[in-house]
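So, here come the structures, one by one.
You will see chain A twice below: alongside chain B first, and alongside chain C after that.
So, the complex of A and B:
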């Protein structure tokens, strides 16, 4: 048995236990994405990083075995910034197609983590409880969900009302491109979108950028041209 | 901890939302040492010299607002912009689209004391804002979690950053029942680990940013050793691996008035309760919900296989997955294999926990798709309707059950080695059997799952139904 100190609490575990498992025994929750109890091979996501106090190293807790006298911190500003970076990189390679995602409406693990660490870029569609043909866009209603920053829990859609965009726009060009594709598929034209867009953020600096991107994508320009 | 609540140009909706926290706000005040040190709306009007947190609502509309905001910033350690107006300019920002003479027509002579500025600005145009709470009005739970983080001394940054990676166009190797969207995949590897315990159909390919999850040589899933059991879809955190959805098709059929019958397996009911956070047996309420959606009949049933010669050695696959598994890995035992259960009637929608059934000819909805079909419907408020019919006999003989991949392989090896010469063997590849099938609702670590217990309740209720 080896003694380790996690967040100031001491625990005795068998050698070879990972920091994550030791922390679990203490009731300390470390956020994870690729790790799932019983289903885990390699440390790929780096969301569960913790700091080894003595060396100041940031290590993935799901794969780092404990040793005698190890002192670990699981939550400080530096760790949070590292987790945030990991999430941002993951979000960058994850193409956002929330509208058709089976995990939308309360099952998206990425959304939960991003919300915890202040990473924005996932639209309201990720929280929308309406699926497939019940999506308000499919019915030809202009919903700003695909363009709007998530976090509200999709409360308007529970009453089958469209998103008005009160939380402000996502400014990532790939998200806007995807949104414009949806609008075009369901016969919503540029004028209708622009007329509604300004309701909550016409005086914010993001507005001009979003209008430029939306107009460009509606005109069929490529992402590189629009976002230059 | 001293909190001040200020208002600039806005409707006070967000401040009301702060008050709507109700008991949670009282708990902050009574137990966590929070003090509301200034709020005109609450009648706390004596301003202190310094605040720990200032919540500022509203957009900057006039020069007085600018001066006031700068003053607030000087006296606050943390400044939080609350609501769309403070974060983005909000509704007052619509002034941008109104010609000035129209505004003059309305407001001139109203005796306004403030000198308004030409445009409307969000707070961060003039001062540094530490945290933003979006929404019109704000989400009170978001506010609560922010306050708690600040109380614990946790710091975090908000906003989005754009990273660009040059990446080869990712692959799409979807099959009939399953699809894998390479664009959504974040290569976390959970699916690889799950599949290692089943048939190892998928694994990592390439390196670094090009890392992807694929079958060998990027063949389609149906051409690989994948048996479409769907266990990987339960663990994919981003929904890149998923079932081919039939929800839209069912919705369309129902909209056009097709007379459909739903055949619901008991395992579906066992998982509904935890997914919809209901208490008690959900069967009757599900029938009401499905009928409200437009189904003509709802039947509780278990797929039935009738064996002509029960004395002979027979391998009964629980679904297409097991059938495929035997064909792929034990081709010498095909003679003992019978066809997987199916429903031939095209007016029947088979609601099942099994994802592999999508490989067959039946019209299949998995439990997860059923949940999506229910959308915003609140089952807890519905009344109970009895099932139109209950058909629960699976087989007409005694059987040997092999549940989970290890048992399945062991049993098949026994047959191959001649150690098992007679009897009926039923195979289930999913670990834990159909209750944990590939089409069941998503699980979260540490979730309280009571599917076995609820399944027993379902069976008991069904027997009572038959008795009555």
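So, the complex of A and C:
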């Protein structure tokens, strides 16, 4: 058995145990994304990073085996900064298509973590607890969910009301393109969307760009043309 | 003894060595070799003609060295098949005036005083030939040659000691791994010796992949037995019974020569059962890697040898306790092993004489890029970068100014002129934002845009990322895309923050050294050449006039004579005649190919 100290608490575990498992035994929660015991343990997402106090190294807790006398911190500014960057980097390559996500209707860990670490970029659609057939767009109502920055928890939709876009626009062009496709599928035209946008979005510094993007996509232009 | 004398002096007292490393072969050494053999036969001369490895003077290849009793040893540079006959005739008639350098002086040859001694030339003067002492002298394809020059002496001395004593010798020498990280060699060995598990393995890491680094190739091509000898000593010290030499398939000559060395050593009883009656059983296999850069990382290399996809894994456990097939394994670089053999033969005292307090001994560096003299040089650790580039390599090519030097390959850092007085050792380079790495120095002159240079190295690491962990796989792509945006004139000021924060994230959170060091070129250039990045972003201007999208070709009216050659040459018809009979370039149509600049006989076209 080896003794380790995690966040100031001591625990005895078998050699070969990972930091993550040892922390679990202490009831310390370390966020994870790619870790799936027994299925996947390649430590690729780097969300579960912790700091080894002695060396100052940032290591993935899900793959790092404990050794005698190891002192670990699981939450400090440096770790949070690295986790936040990991999430931003993941989002940068994440195809944000919440409407067609297989996890829709379930639980989105990525969104939860992004909310916790203040990373923006996912639209309200990911928050929407409703199932696809209950989407308000289907009924022809103009919901700004596909275009609006998430983080509110989708309160309006719980009340069966459409998103008014109070948190401002998502600025990624691929997300906007996806949103426009949705509007077109449900027969919502450009004028209606633009009319509603002004209400909260116009205070955003990105407002002009977003309007330009939406207009361009409605006219069927490609992403490269619209964004140049 | 007669045999040794014949090897050293050649048959009939004449010995001709041709530099046939990869660098020599690339500029026609094979033709030179064949011509020499023909000429020797034609003259009915009794002489030994042998191929030798590179002696570091890559800029002067193909090199031919002629030795005859009574005459000074003469080295001829840039030899072509056409002049071989003349060189031979002159030399044998006692005229050495056309030679590049001499190894010694006898006072008996004509023109001797005009030719400098080898140790007098700038490139050679500051070097210490310790581990490369045989390079360019012994025939790498003959074990007898190596033995005649004192080879396998280190092994026989080591076998007289106990393994612990061998480790102690290496500890006293202060040798640190020459692969880049600088981990003390003895410590690695001693951990592995104490580790539980049988059999143990030793691996020679010959998977050299840095662009601009070729010291391992040079050593293994010129003196493969020294590397093998070091490997056998390492096996004895840790108690290993099997070894691998992991070579890049892209360096076929190196792999062939190592394979040949292994086979010859086996024939001579230096591999196999009961080596030199010491009771040591050890054999070696040469493995050719398929050439992924990441295979140079030790855990990825283990995966490759085991037959799995080459991806690094989280350490600990370190290979010294849990390595190949789960057994204790040590992995040492080619140069480290060559040093081991030399230290055992010559004693640690002579090795530890060189170098600094923390980094002992000598290191081979490769100088490439815009340097006047390129090649591989062996110098004591702790020499300043300025000495290396200006004293040894002769500075930057004619008409150019020094701008920066990239140290440590694609994962190293770019250091400016102000850092040139930095001594080269593991610690000072790391604190300056570069790394020792394998020891490649790419000299960059003022004709290069630093953002473009950073993008070039980032493109390399992006392509070579194994794709396992997020920071390296996606981070390098983000760096590359951001740099491209800046180069194309679409950068914004927030892009610099993106580069810095993503770079820091890669450094902290990547799994292996490839990802951890991949942002170094970007971070170090941002640190030392920030104003050049800002010129691209704020002024949409490339100070070095390299980035095409930020560049305009203009015709200076006062110089233009209206000949119209540029207009004829322009592939897109962007050059039109003005009302005054002179020409002008339409920037809208111009594709910045630069043809007009080359064509103009008056130099009226300038980059603006």
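In this text, the second predicted complex is superposed on the first by the 218 of 228 C-alpha atoms of A that agree within 3 Å, B and C clash if a C-alpha of one lies under 4 Å from a C-alpha of the other, contacts with A are read in each partner's own complex, and residues count from 1 in each chain.
The rule is short, and it goes like this: a residue touches a chain if its C-beta (ideal position, glycine included) is under 8 Å from a C-beta of that chain, and two chains touch if they have at least 3 such contacts.
None of these values were measured; they are calculated from a predicted model.
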item: Touch count on chain A, higher of chain B and chain C; value: B
item: Which superposed partner A:90 touches (first chain B, second chain C, both, neither); value: both
item: Which superposed partner A:27 touches (first chain B, second chain C, both, neither); value: neither
item: First, second, both or neither for A:119, with chain B first and chain C second; value: first
item: Touched partner set for A:153, first chain B, second chain C, both or neither; value: first
item: Which of chain B and chain C A:49 touches, first, second, both or neither; value: second
item: Contacts of A:109 with chain B and chain C, given as first, second, both or neither; value: first
item: First, second, both or neither for A:8, with chain B first and chain C second; value: neither
item: Contacts of A:140 with chain B and chain C, given as first, second, both or neither; value: neither
item: Touching both chain C and chain B, counted on chain A across the two superposed complexes; value: 42, 44-45, 89-90, 92-93
item: Contacting residues of chain C [partner chain A, same complex]; value: 313-314, 316-317, 468-471, 474-475, 477-478, 501-502, 504-505, 508-509, 511
item: Chain A-touching residues of chain B, taken from the complex the two chains share; value: 59, 84, 87-97, 119-122, 134-136, 139, 142, 154-165, 167, 181, 183-190, 192-194, 196, 209, 233, 235, 237-239, 242-243, 245, 247-248, 251-252, 255, 368, 372-373, 375-376, 442, 445
item: Footprint of chain B on chain A - complex, ascending; value: 33-34, 36-37, 39-42, 44-45, 75, 77, 80-81, 84, 88-90, 92-95, 97, 101-104, 107-110, 117-121, 129-134, 149, 151-153, 157-158, 160, 164, 166-168, 170-173, 198-204, 206
item: List of chain A residues in touch with chain C within their complex; value: 42-46, 49, 58-60, 63-65, 67, 78, 82, 85-86, 89-90, 92-93
